[in-house]
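For clarity, chains are labelled A, B, C and D in written order, and residue numbers in each chain start from 1.
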Amino acid sequence: MAMMRYAEALNRALREEMARDQTVFVFGEDIASYGGVFKVTQGLAEAFGDRVRDTPISEQTLTAMAVTAAMTGTRPVLEIMYADFLPLSLDALVNQASIYNYIWNGQVTMPFVLRTQGGGGVGTGAQHAKSLDSMVAHIPGLRVLAPVTPADARALLKAAIRDPHPVVFLEHKLLYNTRGEVPDDDTLGEIGRARIARAGRDVSIFATSRMVLEAEKAAAELDAAGISAEVVDLRSLRPLDLDAITASVGRTHHAVVVNEDWRFCGYAAELSATIMEHAFDDLDAPVERVATLDMPIPYAETLEREVIPDAARIAAAARRALA
Amino acid sequence: MAMMRYAEALNRALREEMARDQTVFVFGEDIASYGGVFKVTQGLAEAFGDRVRDTPISEQTLTAMAVTAAMTGTRPVLEIMYADFLPLSLDALVNQASIYNYIWNGQVTMPFVLRTQGGGGVGTGAQHAKSLDSMVAHIPGLRVLAPVTPADARALLKAAIRDPHPVVFLEHKLLYNTRGEVPDDDTLGEIGRARIARAGRDVSIFATSRMVLEAEKAAAELDAAGISAEVVDLRSLRPLDLDAITASVGRTHHAVVVNEDWRFCGYAAELSATIMEHAFDDLDAPVERVATLDMPIPYAETLEREVIPDAARIAAAARRALA
Amino acid sequence: MVLTRLLEERLGDLHKAGKTRGPIHRCDGQEAVGVGAAAVLTDADFITTTHRGHAVYIGKGLEPRRIVAEIFGRQTGYCGGRGGHMLLGDVEHGMLGGNAIVGASIPAAAGMALSIQLRREDRISVAVFGDGAAQTGICHETMNIAALWKLPVVFLLEHNEYGLTVHHSVQSSVPDLHLRAAGYGMPGEQIDGNDVIAVHQAVSRAAQRARRGDGPSLIEARTYRLEGFSTSDMGGYQTPEELAAWRRRDPIPQSREILAETLGATRVADVEAAAAREIEAAFETALADPMPAFVPHAPSVPYTARGEGA
Amino acid sequence: MVLTRLLEERLGDLHKAGKTRGPIHRCDGQEAVGVGAAAVLTDADFITTTHRGHAVYIGKGLEPRRIVAEIFGRQTGYCGGRGGHMLLGDVEHGMLGGNAIVGASIPAAAGMALSIQLRREDRISVAVFGDGAAQTGICHETMNIAALWKLPVVFLLEHNEYGLTVHHSVQSSVPDLHLRAAGYGMPGEQIDGNDVIAVHQAVSRAAQRARRGDGPSLIEARTYRLEGFSTSDMGGYQTPEELAAWRRRDPIPQSREILAETLGATRVADVEAAAAREIEAAFETALADPMPAFVPHAPSVPYTARGEGA
């Protein structure tokens, strides 16, 4: 066990996988000599030379190249600097990566990872603060992961690199400096398994990425008011751990879902629908959906904080669910 | 009133709006001299010259140009040949079109229409048969329309062209040759209003685009078995007519939602979540969700028909809802 | 080439008889490009192509019977009927895909070249794409990256004068596309795409360059689609004069003459007859093959396997 | 230019004091490009720029006070604090946007030019973009379309040697980007971007061409970011020698000398002093301005207005 930052945990996963497997390579904008704008790839170029490449600003093509490089014997890890740029990768994801394993009748797999980071909270404005989770989670044939702890960041990134299918790996700009214990052993995360971040009896809060931290704050606040909230960190957005969800709702009979993407047609909509479909009879109230308000993300601090979910909004939703 | 094909109704809307307003122009691949691969723009080039333009294959840029052309005094109508290519337009939609009216504090509006067509059923394969409704319906600041009747096609396209905000207008390759009565007057469709396609008492089927026709077939089949199904044609995917939905569920207490996009994180997920949130107490059973199976769309007929929803699957869902 | 042409003609007939599903993009008149280029490659080399890839499929050594089976959505097709005529792929022969997103064959080949370069393998990849595709953003991005990284890839631009129904002059700001190679510091040349020997030579030079580690080249092969965009296209945009002029330059009779000089007319006729028999048999067997049975795609299921979902 | 420089320096100071939110992309050293180009235009002409647009904002006639207010997220900013420093827009002056999606300023300006062309107006639009942006797909697509349609647009490539932390040679397959203009059949020239007069002249020529209906031009203005990518960047990738060489070519002292010759040193000093007072006042007022109050965005609400949703 060692205490480390989320960004360091990711760095360690990359280093370990690159050392283990010569076919793993890393590319993206400013990731080699500068070590990435969030410093996740720091030092890799020195250690692995040619296998770590700075690229031109060409997200669309880089993603398309990752697909076919993966199909022909390598394991690319592509960094897309902001989740806001995922639309540029989307054609390669939905019209290329998504299809080949199936339409070529199993002739190929595509072991590549697209790492990116999203989310707001630091005044980066309408083009640099979004979380477009649902756009990628919508795509068949892909896995979508969003770890919140440094330990999971390392373990799931390693699992993602070894997985035979394309993985979109969603980080968050406000998580890179958070710290946590990371085991020393070669643990691989299990794709498709949620984690109970905090056990509780009265209401289940299902959250993703940084929203897990806000949910934990909300749970602490609710606890003080005598409400016992269970916080479930979904970790794997696709595939989704349905059993963990239904089991939790089976215990608490109330559910709140929290995701930082926009609300309408967002990932929280899927969670809400899934829970009501699979646990309708267990639910004493409709699932409460907490997400980013449906509007462009404003720049000014006084505006941005109204738009992105926080502990207060989560706690209020939990109270509504229990009302 | 005149009987006409869906494609003709669209053509008429374009002609009428171009004649009425000099700032309306139409551009896209193969739309001028050839009249569009689905013949929606036939004859427009002859009538309106320079205002009808064939373009290079550059969806990303064409969409971005539509945004700023719209912001500076024209009303572009851009045809994107297949909805499968929407990912190429998405950066311009989500990072450009979506934001300016808000982030520039109301200084600009963006009256443009992006027409496209999606859907399967004719063996066009994994890259030419998708419906990516949820990706566009997810985007704030946009409207998303999907008329199923020729009358609505004309009326809503006219309304879309006159609307001050960006509209994604979703057509379906299997609708172009369907026929229906179209009024002669200058009727404008109302954005954000659903239509009861068939009244019923026992179960509400909320459907979009071509799935409305399948829902009507399902309703006829259910009728024969003594089940009275109401079919609601949503028409406007964003904004969504919530009152019409809750009113219908209030009458029937059972709901099925049908959409041709993939199921997970698809538009049907939003419908399902919305209904359960707003009509939880009215519902006697969870909302049944019918959508395209979560997988790439296969080419062979025997495979494709298993993947895309049809009347039989809708009827089965209605029976499950009532079981 | 003859195989391809016969395949195309037979497909055209079956389409007219209403026996195909969806449009077929015939490459009649362009056979020399795909066949000539593929002949330079081994099975270890990769090639990517467009929605109009039949000549490449055949050139890269795929069996007509399994191509036809795929086009008719049979279990025995190269992709079990899942891919179809535009999206056919066969790993064994390094034919890594027809692609129906215009332009997508370009970064696809470059990604393979990147994989080759990183693994220091002795292979190359070739991207076949159209004049319409040359106007897409990914074409620019890919050429820049490939030239910058000296990737072992050959860009083979199949310039057939049209993108769908629209003439090149309505789509491109310049008539000669090989000139754009200079903007990436790579060699660019224009060749007669209907001359199979010229194609073979140009692709050989570019392939050698790529194998040496000197990076990509752009070859603009000028050719023409004698049968229009696809079987669904209603024509009318190609002038009769233009068509007639290109028919006179049809690559098949041209090669037939040249081959007859070296091999003798009888040998050539024998080869053609064998091709005809092969195509005949291919259609016969393939059309009798079974339709595939539906199986869901496990990696696409959005819930964890142990879950009850989906 | 002096206004811009003082603005940048003041922002740099405030950032160091922890008073800004998020990074600021300073354009110190590049002022001649934005200012020189904007000076060619009237309020009726449109300009689009990048995440590094301060010189363009000032050049196009926007008030420092409202620029600063926007940067500090105040109600009185050009966008009421909603846009921020990278996404500022002001319709009145035809400053149609900073844009933080790299490359997006290019099709944006072309779309405006299309609107101008269709309405037969006597305006032009100018796209300012970086050397990094020149490698994006939309750059290629836009240049092709603009040249094909002869749109009244000027492509002003602000080549400052770096894209974020990465040197041009790591991003571009060729050192000279104006050469790519030939691939679109349009004029391309390279100029000293630190020479405000050279910029003004080149943009004037291109603007006249655009106004005449002869279509777009590409101007590659070579310049340099003296303060790195942004206030958040940790530096280290620009060598001291390189920095020193470019500091000697700083456009501000250069213009100061030239202006002093024609106007006299006192006039110049007066202008600079006035600029300093203006910036001082701008920061003073703007920082005292109120923060905006939150209002939802009605057109983004996903349910019909009469509905109870959202």
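In the analysis below, a contact is a pair of C-beta atoms (placed from the backbone, for glycine too) under 8 Å apart; a residue touches a chain by one contact, two chains touch by 3 or more.
Quick caveat: nothing in here was measured; it's all calculated off a predicted structure.
Strictly by the touch rule at the top, which chains does subunit B share as contacts with subunit C?
The common neighbours are A, D.
With respect to inter-chain C-beta contacts, which pair, A-D or B-D, contains the greater number?
B-D
How many angstrom lie between the CA centroids of subunit A and subunit B, rounded to a whole number?
30
When the centre of a chain is set as the mean of its C-alpha atoms, what distance in Å lies between subunit A and subunit D?
Here the centre of subunit D sits 34 Å away from the centre of subunit A.
Please report how many Å separate the Cα centroid of subunit C from that of subunit D, as a whole number.
The separation of the two C-alpha centroids amounts to 44 Å.
If you average the CA atoms of subunit B and of subunit D, how many Å lie between those two points?
39
Multi-chain contacts in subunit C: which residues touch at least two other chains?
79, 82-84, 87, 99, 101, 135-138, 141, 144-145, 148, 170-172, 297, 300-302
Residues of subunit B that contact two or more other chains, please.
In subunit B, the residues touching two or more other chains are 55-56, 58, 60-61, 84-85, 91, 95, 98-99, 102-103, 125-127, 137, 140-141, 238, 264-265, 274, 294-296, 298-299.
Would you identify the shape of the chain contact graph, picking one of line, ring, star, complete or other?
Graph shape, chains as nodes and touching pairs as edges: complete.
Could you list, by residue number, the parts of subunit D that touch subunit A in their complex?
Interface residues on the subunit D side: 21-22, 73-74, 79, 81-84, 86-87, 99-103, 132-133, 135-137, 163-166, 170-172, 237, 291-294, 296-297, 300-302, 310.
Which bits of subunit A are touching subunit C when the two form their complex?
Listed in rising order, the residues of subunit A that touch subunit C are 23, 25, 50-51, 53, 55-56, 58, 60-62, 64-74, 91-92, 95-96, 98-105, 107-108, 137, 140-141, 165, 192-193, 236, 238-243, 274, 278.
Applying the document's contact rule, which stretches of subunit A touch subunit B when the two form their complex?
My answer: residues 60, 84-85, 87-88, 90-91, 93-95, 98-99, 102-103, 125-127, 130, 132, 134-135, 137-141, 238, 261-262, 264-270, 272-274, 276-277, 280, 285-287, 289, 294-296, 298-299.
What residues of subunit C sit close enough to touch subunit D in their complex?
135-141, 143-145, 147-148, 170-174, 179-180, 182-186
Which bits of subunit C are touching subunit A when the two form their complex?
Touching subunit A: residues 46, 48, 78-80, 82-84, 87, 89-91, 96-97, 99, 101, 104, 107-112, 114-116, 118-119, 137-138, 141-142, 144-145, 148-149, 297, 299-309 of subunit C.
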